[in-house]
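Worksheet for the structure shown next.
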Amino acid sequence: MQVNDNKDFQPLIVAFCCNWCSYAGADLSGTNRLNYPTNVKIIRVPCSCRVNPMFILRAFQRGADGVILCGCHPGDCHYTSGNYFTRRRMTLLFSMLDFLGIERDRTRVEWVSAAEGAKFAATMNEFTEAVRKLGPNRRLEDLRCRKQ
Amino acid sequence: MKRIGVFVCHCGTNIAATVDVKAVAEALGHEPGVVISQDYQYMCSESGQNLVKNAIKEHNLTGVVVCSCSPRMHENTFRKAAASAGLNPYLVEIANIREQCSWIHKDIASATEKAIILGKAAVAKVHLNSPLTAGESPVVKRALVIGGGIAGIQTALDIAEAGFDVDIVEKNPTIGGKMAQIDKTFPTLDCAACILTPKMVEASQNEHITIHSFSEVADVKGFVGNFTVKIKKKARFVDETKCTGCGLCTEKCPMKKVPNEFNMGLDNRTAIYIPFAQAVPKVATIDPNYCMMLQKGKCGICSSVCSVGAIDYKQEDKIIEQQYGAIIVATGFNPIKLDKYDEFAYNQCPDVVTSLELERLMNAAGPNGGTLLRPSDKTHPHKIVFVQCVGSRCDDSKGKPYCSKICCMYTAKHAMLIREKYPDTDVYVFYIDVRTPGKNFDEFYRRAVEQYNVHYIKGMVGKVTPRSDGKIDVQASDLLANEQLHIDADMVVLAAAIEPDKTARPLATMLTTQMDTNDFFTEAHPKLRPVESATAGIFLSGACQGPKDIPETVAQASAAAAKAIGLLVKNSITCNPCVAHSDELMCNGCSSCEKVCPYGAITYIDKEFRMPDRTTAIRRVASVNPAVCQGCGACTVACPSGAMDLNGFSNSQIMSEVDAICK
Amino acid sequence: MDKNLKEQVLRSSGVNVLKCMRCGKCSGTCPSYDEMEYHPHQFVYMVERGDIETLMHSKSIYKCLTCFACVDRCPRNVEPAKVVEAVRLAAVRQQGNNHMNPNQIPEMLDDDLPQQAIVTAFRKYIK
Amino acid sequence: MQEAMINKAKQLLADGTVDRVIGWKRGEFAYDITPAVFETAEELEKEFVFDDFTAANVSKYLVKESKKEGKILAFLKPCDTYSFNQLTKEHRVVRENVYIVGIPGGPKLDAEKIKAKGITGILGVKNENYTLKIDTVYGEETMPFYEAILDKCATCKSKKHVVYDELIGDEGEVLDSNRFDMVEKLENMTAQERYDFWRGELSKCIRCNACRNVCPACTCEKCVFDNPNSGVENKAPADSFEENMFHIIRAFHVAGRCTDCGECSRVCPQHIPLHLLNRKFIKDINSLYGEYQAGEDTTSRAPLNDYKQDDCETTVVHERGVE
Amino acid sequence: MLKISLDKLDKLFEAISASQTLYIPVDREDGAAEYKKYENGMKLSSALNTLRSAKDFFFPQTENLVDFKMEGQNIEVIDVREESEDFVIFGVRACDARSFTILDKVFLAEPVDSYYKNRRDHGTVVTMACTRPTETCFCGTFGIDAAAPEGDAACYSDGESLFIEAHNEKGQKFIDSISSLLEDGDTAKLEAVRAKTREILKKLPLANLTTDNFGGDKLNEYFNSDKWGELSESCLGCGTCTFVCPTCQCYDIKDFNTGHGIKRFRCWDSCMYSDFTKMAHGNPRLTQLERFRQRFMHKLVYFPANNNGEFGCVGCGRCLAKCPISMNIVKVMKALEVK
């Protein structure tokens, strides 16, 4: 029997962060020594709009338990409009994953500015906890990639 | 076969205290393609960089991974080091094991494990890095200044001085901005117009400066060195080139009941008007909302009195397009609206005025010709109460959280001027704190107290009640005396908070610059780059960046000009080579990428191809202008076939990072 | 100084007294100012210092009309009236359950009592 | 109708308006019709067919055909015109090289539906007053016409031609279809039920690529799933993940471009209701970003290539329906 | 012949599945039949044929060949082959039964494909005679008698009982294992049913299709036929025909990087795909015409040329039913045929 809150489960979280806001926000949470779990691994992208849905699925295929996308707040995109496209793309993608019965809480988009180090850390803590509760990703994994 | 070098930095104990750097170097040494893996105390130090350089030469490295602080910190350092050792700088990747690892984790084992994974991701990525060469793009030697207040004028003059053409876009019919409305300036009490108007004239006469008054920026495209701006010249129904500014039309105009915005609505102007005597350009403008000819088609008096035939009722808004190398934002500020502050009775009582209104009331060109009279009954006020921090330092939805910075000084100025001119007037200033840092500022304030006997009272006005006898009951607390005061004042002057101009927010979107929550433009660095925005080629001048007084504004305006000149003197700038490119063989020519490109960097060409069936065909394919592309990557996701990819952040590179992390 | 008392007042009021920047607008706006020994801004400052008992023994806590003018006008959202109310509650609690039953109020009313006082009485005693 | 079309085609060939005609060619049985290009009146006379089984959307063939020399006559049903318009918008067809004759739409019949009734050995199918008389080697069978129509016709969205040079027959109207009912039904299930549903369906996938290759929106020169350099190439559903990946990404790539022509589900040898994935996107786009019908025009911006500053946040997915 | 009453089929299946894995065709919710691993309570489908052919049992769509485990810069090679379990496929139709003969010629010829052989050795094919052939059937064209299927053992139904006979040792062993459930039966009624089936087979629309004008010696007649252009013009290039085909045996070998190692696997390929037999230099068949031609030339000319006249088609009719554009081997044969 699996325990419901999955206390001992260590989820793998992939975070895509835009270079200008969220990656800097993540740096700031480091500068301010704000803790968040080691489960979170960050990939730097120029803009949240660089994140292809294929990357997200790829992460799930390879064993990620949660994928979070961070970008500048709407209106603050370094490239003007990138995050607006991200928002539409990800809304539709997440909706589709939900439609296929994939747990909603495994994916998330969060707007984190370069000044929001505290928000970044809080978001990562929260998201990791939410994914931990869900347990291992089984519905969108590739069995061939499962660690032996 | 790739030959990759891994360099793990201790950063003193910043990394080494929580990450076992030796273990990281050891583990990464076993990754495929890694031929050398080392750790060092301070990798960014000269000896650390030499370690990297020597390894590149010695091991003939084809890729370098530095596990250190954030790439935002030292990516450039290591890229330069690699370049000096003969390795293409874009073959360097940074694994961020300080800000995103050692500084946020406490447990050595798990932090080390994470550092290794981050290192592996960087190694996996660098396997797929390809050498990139930065291109160059030319710089248009012309600057645009948005806003024609003292900040914009000063910036434009300085740039023109350096020999570059500069355009000023001002949304009002005249340049001059807020300073033109001010009577005297602190701490010297010299007349604002006397020092501003010569600059306005200088700007209008400078051969390098073009003033687009009554105009707005409609669209901005392009990038540093090469902006294309659409400027909307609003119809003023007067031909600027013909109008001599004689003012006959304004005398004859029968529509005389138009609130005069220059005098803060305290008096009226005509429908055709010149904002003030020293306006630049000194050209009349018809207010279409009030002009009877434009409203009802009847009148035409101005046209008939104009001896040069400058009136043109058919004039329409005109869009002009111009290329610029640099853009300086100088959109300035406005006092906030006080509608929400019922306790100060601003809307109920005409004798409760804002400080800017007081400026006009006291100005020789103002509604009362310079005599201070109550707006309600035109009598001389004998007791005047000043209230500081109205809307400033507020934590509620009504006001602004910041200190507006200029109010303490101008209130002292007002108090002093009134006491000087009308010694029979009692002046009270209610303050929370008096903030007067600045050269000769505190001395100025002390003069108001000590020489002019202005009553400075520590405490806030709680309630302002107009009485039927024409007096105004001001209820306030005197915190030091611990009593509640009631003052029967004749006038109340509110030091309203200042806020950025409303046009700033949409402008920021067009310019792709960032703003803070108060709509002030965000500087690239609060200490080290105070006059640049984070967007290359966009500079900040004056109060659009934060509250400022005149000397500070002028200083910043000149600083922004210096930065812009620094850009304009270059013939070309180096482009970011991490730009999108399209694989023509896979491109469908569907136009999706073009639709999402914020820079218009993508165009389509018809190109002849040899098809798989050995025939030739002409196909429509996308082509990216690398000088225009800024590398956001929006197009790469819009492209269904994957023909569009991004240098430095390619699909395969990002996926290899994902794989390495999820391994 | 009773730290628990301060904690209690802070908790029951929900006010962050540290936000006060000592502008005195609350006292400048207070209609009961002259009746009070300690004025709204002093309440805030004394609570910050933990000097609660002095306030509890002062008649000032019963002079506040709970008109909320100070709450409305405070530029920092400090809400002095809530602090006053919390101190008053602390006093009531220490006196045991001898506070008034709302049902008793109607018979105590007389025509001279200001409407505001009745309304605020309900605000105070409904809890 | 068939007669009128053949005559029209012959006339346009004869007067030089067009050089070729794309339509449908009869097969061995009553139902196995193949899209075909005709060049002469004789070919048309002999093999051109238009009946209850001519369901195939020929617009995708025009990607190639319209780039050849000369002009081609295309007979397009209402649903096909949406596909054609979308292709025009994406610069995939050369509009000037196509002469479009709008023809009435379905409902068209689905041979698989007849066979699913257990009717085998079909020799001929006749529609008599909306009752199908089916001649088989085992004797005559009957079934109601509407029980044998294609799913895509049962939820027809429009009888209107959005692009044509001329029409044969009357113009229809955009219909108030109930095409989102099934999507809604699924949305109202629990996540586990949805997961089970789609697992059951997608596990049938044999990755024959028929859905992709027939899809008028899938006209990539090289599909990412065929491109070894794309990193996601795969040829067979080696793991359930790859079934998901292929269908999610394919639906995503055509999101905002799919006209809901229903060809994907029609050709799926495994009867996977793939159109539901596309319809889910269409339904989301309609409800979140405003009604949008791909192919309705040739100028509007596709919803995914567009945005509004006050678009909903992604959390909208979390806030609605059942988990 | 031995028989069992049709209403005792459950007992029969239970008995078989008790000793080894049993696969039978069952009806799916959407009406199509597919092979499923037998579990108690499952009902044998009455459909003529399964949607996918039975070749999956011996030649699955994907199959792991070998694993490479990577530790840092070291690579370890892991043989993943295991001895297959014994299994029975029940209810295979005559056409599919013949397809195994064709696949054997490919996979069991030297060098023997050990992966295929492993399964083939452990699988017992129990066929079922057809009684309701349909319009797409043309097994007769390839000399297959739908009423008398091949296989290790064959079953026939007369509507009441299921008759069963062995064709070889493996089949006999199978019958022996269930003999307690079988009894001797009278085949008179069965013969009538078979005769009737054969009558129907003669009346089918494709009954007269022959291979007389095809075969290994017809390369020149057909390779450069001008019909290919017309035949292939509407081909979508999908793989439906090849993937439902019981005899298509082309595969691709691919490496899959799992992150901690490589899985080398093979999967069905389709000659209709643009990257079919792509090599270092590129692709030998660049146009859909060439790829289309490859498929039919292979079945009608190349395969018989290499296999003593055996054609690479069994006339199951799946491609006729499933091709999205209804282009198929029958149309090709009829169009191409030079008498």
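As written, the chains take the letters A, B, C, D and E, and residue 1 is the first residue of each chain.
The working rule: a contact is a pair of C-beta atoms (placed from the backbone, for glycine too) under 8 Å apart; a residue touches a chain by one contact, two chains touch by 3 or more.
Keep in mind that this is a model prediction, so the values were computed, not measured.
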| Contact-graph separation of chain D and chain E, given in steps at minimum | 1
| said: Going by C-alpha centres, which chain would you call the most central? | reply: A
| field | Centroid-based (C-alpha) most distant chain relative to chain B | value | E
| B-D against A-E, pair bridged by the larger set of C-beta contacts | B-D
| Centre distance in Å when chain C and chain E are each reduced to the mean of their C-alpha atoms | 89
| query | Which whole number of Å gives the spacing of the CA centres of chain A and chain C? | reply | 47
| request: Could you give the separation in Å between the centres of chain A and chain D, each centre being the mean of its C-alpha atoms? | output: 36
| request: Determine the centre-to-centre distance between chain A and chain B, using the mean Cα coordinates as centres, and give it in whole Å. | output: 32
| said: Can you pull out the residues of chain B that are in contact with at least two other chains? | reply: 596, 638, 651, 655, 659, 662-663
| Which residue numbers or ranges of chain A touch two or more of the other chains? | 53-54, 58, 62-63, 75, 81, 85, 89, 142, 144-145
| Multi-chain contact residues (two or more partners), chain E | 256, 259-260, 274
| task | Chain pairs that touch, all of them, please. | result | A-B, A-D, A-E, B-C, B-D, B-E, D-E
| remark: Residue positions on chain B within touch of chain A in the complex are 70-73, 96, 98-101, 103-107, 110-111, 113-114, 117-118, 121, 509, 512, 514-515, 534-535, 578, 596, 598-599, 630-634, 636-638, 646, 649, 651, 654-655, 657-659, 661-663
| query | Hey, which residues of chain E end up touching chain D in the complex? | reply | 30-32, 48, 51-52, 61-62, 132-136, 200, 203-206, 230, 233-234, 236-240, 242-244, 252, 254, 256, 265, 267-270, 273-275, 320-322, 324-328, 330-331, 334
| said: List the residues on chain E that touch chain B in their complex, please. | reply: 70-73, 257, 259-260, 274, 283, 286-287
| remark: The residues of chain B that touch chain E in their complex are 30-32, 612-614, 659-660, 662-663
| Tell me, which parts of chain B touch chain C in their complex? | 343, 389, 393-396, 399, 430, 432-433, 458-463, 475-479, 482, 484
